[in-house]
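First chain A sits with chain B, and in the next complex the same chain sits with chain C.
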Partner chain A sequence: MKLVAHSFINASGLYVNGTRQIDLTGEENFLKKAYSELNIDYSKFHKMDNLSKLAFLATELMNEVVSFPAEGEGMQLIFANQSSSKQTDMRFIDSYANQGSPSPSLFVYTLPNIVTGELCIRHKWYGENTFFIQPAFQSAQFIEQAELAFSKGNTQCLCAWVDAKWQGNEECFLFLIDHSEGLLKPTELLEIYKSYTHE
Partner chain B sequence: MSNLREELKAQIIEQLNLEDLTPSDIVNDGPLFGDEGLGLDSIDALEFIVLLDTHYGIKVPDPNAAREIFHSVESLASYIEKTKA
Partner chain C sequence: MIPVYVTYGALISPLGETKEMHVLALKANQSGIRKVEKSGFNGEDWYLAKIEGLSENRFDQLFQKGCAALIQSLGKDILSSPSTRVILSSTKANLSDVETDAFESMRRLTIELLAVAHEPIVISNACVSGVLAINTAADLIRTEKCDDVIVIGVDAVFDFVVYGFQSLFAMSDEPCRPFDKHRKGISLGEGFGSVWLSRKQHNDFCVRYLAGSSSNDANHISGPSRTGEGLYRAVKRTLLRAERQPTAIDFISAHGTGTLYNDDMESVAFNRLQMQHIPVNSFKGYFGHTLGAAGVIETYTSLLSMEYNLLFKNEGALEPGTAETINVLTQNQQQEVTCVLKTASGFGGGNAAFLMEKLDV
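Take a look at the complex of A and B:
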């Protein structure tokens, strides 16, 4: 398997293959600013929670440099994070504890795998998708899961570490892996992730 | 009467958690549902039911009528005005 492309978004900017494409430093609502800068017309974006917005924007940016498979199967999504849907969970709790009634539009985002659903709707991907909750970014597990996906006949895996602990502390590291010849090592993936997060 | 429409737009943004939008982004007679509108779906229709009940004390007893009532800010405002008259 080989790494085809990677993108990253956090409050400092939108990056693709290591290069910052859009500077978001100092933006009060960096997700809204990124959406505006990418000139996307997708009204459902405004309904999404921050976790979904992060993955959506990182995917849109990546789609500018790579072609995803056409409609149908062949693409598996492998996503993970540390905080599940915590940010939205807290807002949902607030809706019924302090605002008078539980909000249905928040409730639908109180599962992290809604993120992958949003992307599958957008790109018409009908393959499998998984979302893991882990203590930290684990590059070896992504590769292990990708190998499993390719053994089932998938041709590409869109993977992401997308986390939204609290407002302003959100990040999405998205990477596309292809089944073709190549040796992708966990250390290589980890180094790329660290280069974005400066760990 | 236009105040009601502006009030509704602000309430829709708050109730549906559309923080990215401002009232000026919502057209009075533009569709609220579907890809050509605000991208709202059946879950958001529940929010409208809550909104009408909470803010205006209005219940929507007929689900078939909801489709027309929730079509736009204009149709929502007209329904409120008619019901409250």
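Take a look at the complex of A and C:
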């Protein structure tokens, strides 16, 4: 398997294949700023929680350098994070504990896989997908899952580590792997992830 | 292709803690759903399938009970073998730890209590988590990553989830009635379900996992597709991979939550798949909707149907009535049960399915 492309977003910027495309340092609302910088017109973005916004933006940016298969055919989504939908969970608890009543618009975002749902809606993807919880970014698990996906006839895997622990501690590392010749090692993937997060 | 066999792990639910207790309860069509006073946000009395005797820390306690039952039924050796992996499936895990890490205790308890050789894999993909976990388990065995996989699905009833479904007007004010004409919504439940997938046969009653798949509706994050697109595609791919026709299927263990739109969506998908004549049930009328545990619990109970050649009535449906007509089981039915389709659908537009088939031994 081969790494085709990768993108990354956190409060410092929006990157693709290791290069910063948009500087977001010092932005009060870096997600909103990134959205406006990308010149996208997708009103559903504003309804999304931060977890979905992160993955949405990283995918939009990657889409500028690669094209995804129509209907996501043969492309499995392998997504993971550590804190599930924690940020929205806390906001939903606040809605009923302190604000008077449970908020339905928050509740529907209290599952991590809403992220993959949002991407499938945006891109009309009907492929296979699974959301995992990992104690930290586990490159080996992504690669193992990609092997499983390829063994079933898929030819690409769109993978993401997308985590939103609390306001200001949010990141999405998105990477596209395909089935072609090559041996992608977990260490290689981990190095790329680290190169983004330790900058 | 490397064969994959499916058999029982353990099951802890309001109906009992052993296989025998569940057989008896299901045969007698006993439901675990009860009225729970003042369980709603405004003091409403919702119907829930809660396990009696669980303390404040109910998730961890449920998980501990489940692990003890697993050790009892499978023995310690298989659990701690280096060629065994564990997959955990849960939507909210120990939600009372949400401020720190809701998924930490489940991982830790698996390592401590089951003495597993590898860190467990955790899947959290709404209501399709359990079916995805079983599909992932089979894929791990087929690609020779391991010989055995223990799949555990677990979720507990938390106010958070009750209030959430209440805010969506999805809670039924009577025990849920999946696929019924007058269904009013869901009854939440809690449970620990486990099945064991292996490349070896372990008993005379022998069921082979054939194939599975998943698909997104690409339609709405919380509303099911009106055309059942994702479910249709997930089942289509499953049939293709399993090299089976719909005519081979004896029984569908469907998702059937009891909400108007979900059950209609499933009826549409099954009609598109030419499966409207196949006996179908939802087990939610017995266990409530146990979220991340549902797919695993319902696989366990489908195995019971295969072992005893007995299809269980779709508890709660007095008068089936969905957008398209499907063959809802309104009473228990003794018949040969060889090939079973398991499906699940959930928030985020997720759908998943797999086929399993009994072998003559």
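To be clear about the criterion, the second predicted complex is superposed on the first by the 197 of 199 C-alpha atoms of A that agree within 3 Å, B and C clash if a C-alpha of one lies under 4 Å from a C-alpha of the other, contacts with A are read in each partner's own complex, and residues count from 1 in each chain.
Basically, contacts are C-beta pairs under 8 Å (C-beta built on N, C-alpha and C of every residue); 3 or more make two chains touch, one makes a residue touch a chain.
Predicted model, so just to flag it, every value in this text is computed and none were measured.
Participant: Sharing chain A, do chain B and chain C clash or fit in the superposition?
Facilitator: They fit: once the shared chain is superposed, the two partners occupy separate space.
Participant: Once both structures sit on chain A, report the angle chain B, chain A, chain C from C-alpha centres, rounded to the nearest 10 degrees.
Facilitator: One gets 80 degrees for this angle.
Participant: Going by the touch definition up top, name the partner, chain B or chain C, that contacts more of chain A.
Facilitator: Greater contact footprint in residues on chain A: C.
Participant: Tell me which partner A:111 touches in the superposition: chain B (first), chain C (second), both or neither.
Facilitator: After superposing on A, A:111 lies in contact with chain C but is clear of chain B.
Participant: After superposition on the shared chain, which partner residues are touched by A:13: those of chain B (first), chain C (second), both, or neither?
Facilitator: Touch partners of A:13: none, neither chain B nor chain C.
Participant: Kindly classify A:147 by the partners it touches after superposition: chain B alone (first), chain C alone (second), both, or neither?
Facilitator: In the superposition, A:147 contacts chain C only.
Participant: Minimum CA distance, chain B versus chain C, superposed model, integer angstrom?
Facilitator: 7
Participant: Residue overlap on chain A between the chain B contact set and the chain C contact set?
Facilitator: Chain A residues touching both partners: 101, 103-104, 107-108.
Participant: Where on chain A is chain C touching in the complex?
Facilitator: Within the complex, chain A contacts chain C at residues 72, 82-84, 86, 89-90, 92-93, 96, 101-104, 107-118, 120-121, 123-135, 141, 144-145, 147-148, 151-153.
Participant: Within their complex, state which residues of chain B touch chain A.
Facilitator: Those in contact with chain A are residues 15-21, 35, 37-40, 43-44, 46-47, 50, 54.
Participant: Please give the residue numbers of chain A that touch chain B in the complex, ascending.
Facilitator: Chain A residues touching chain B: 29, 31-32, 35, 42-47, 91, 100-101, 103-108.
Participant: Considering only the defined contacts, which chain C positions touch chain A in the complex?
Facilitator: Residue list for chain C touching chain A: 41, 91-93, 95, 98-99, 101-104, 107, 119, 121-126, 132, 136, 139-140, 142-143, 145, 160, 163-168, 213-222, 229-230, 233, 237, 241, 347-350.
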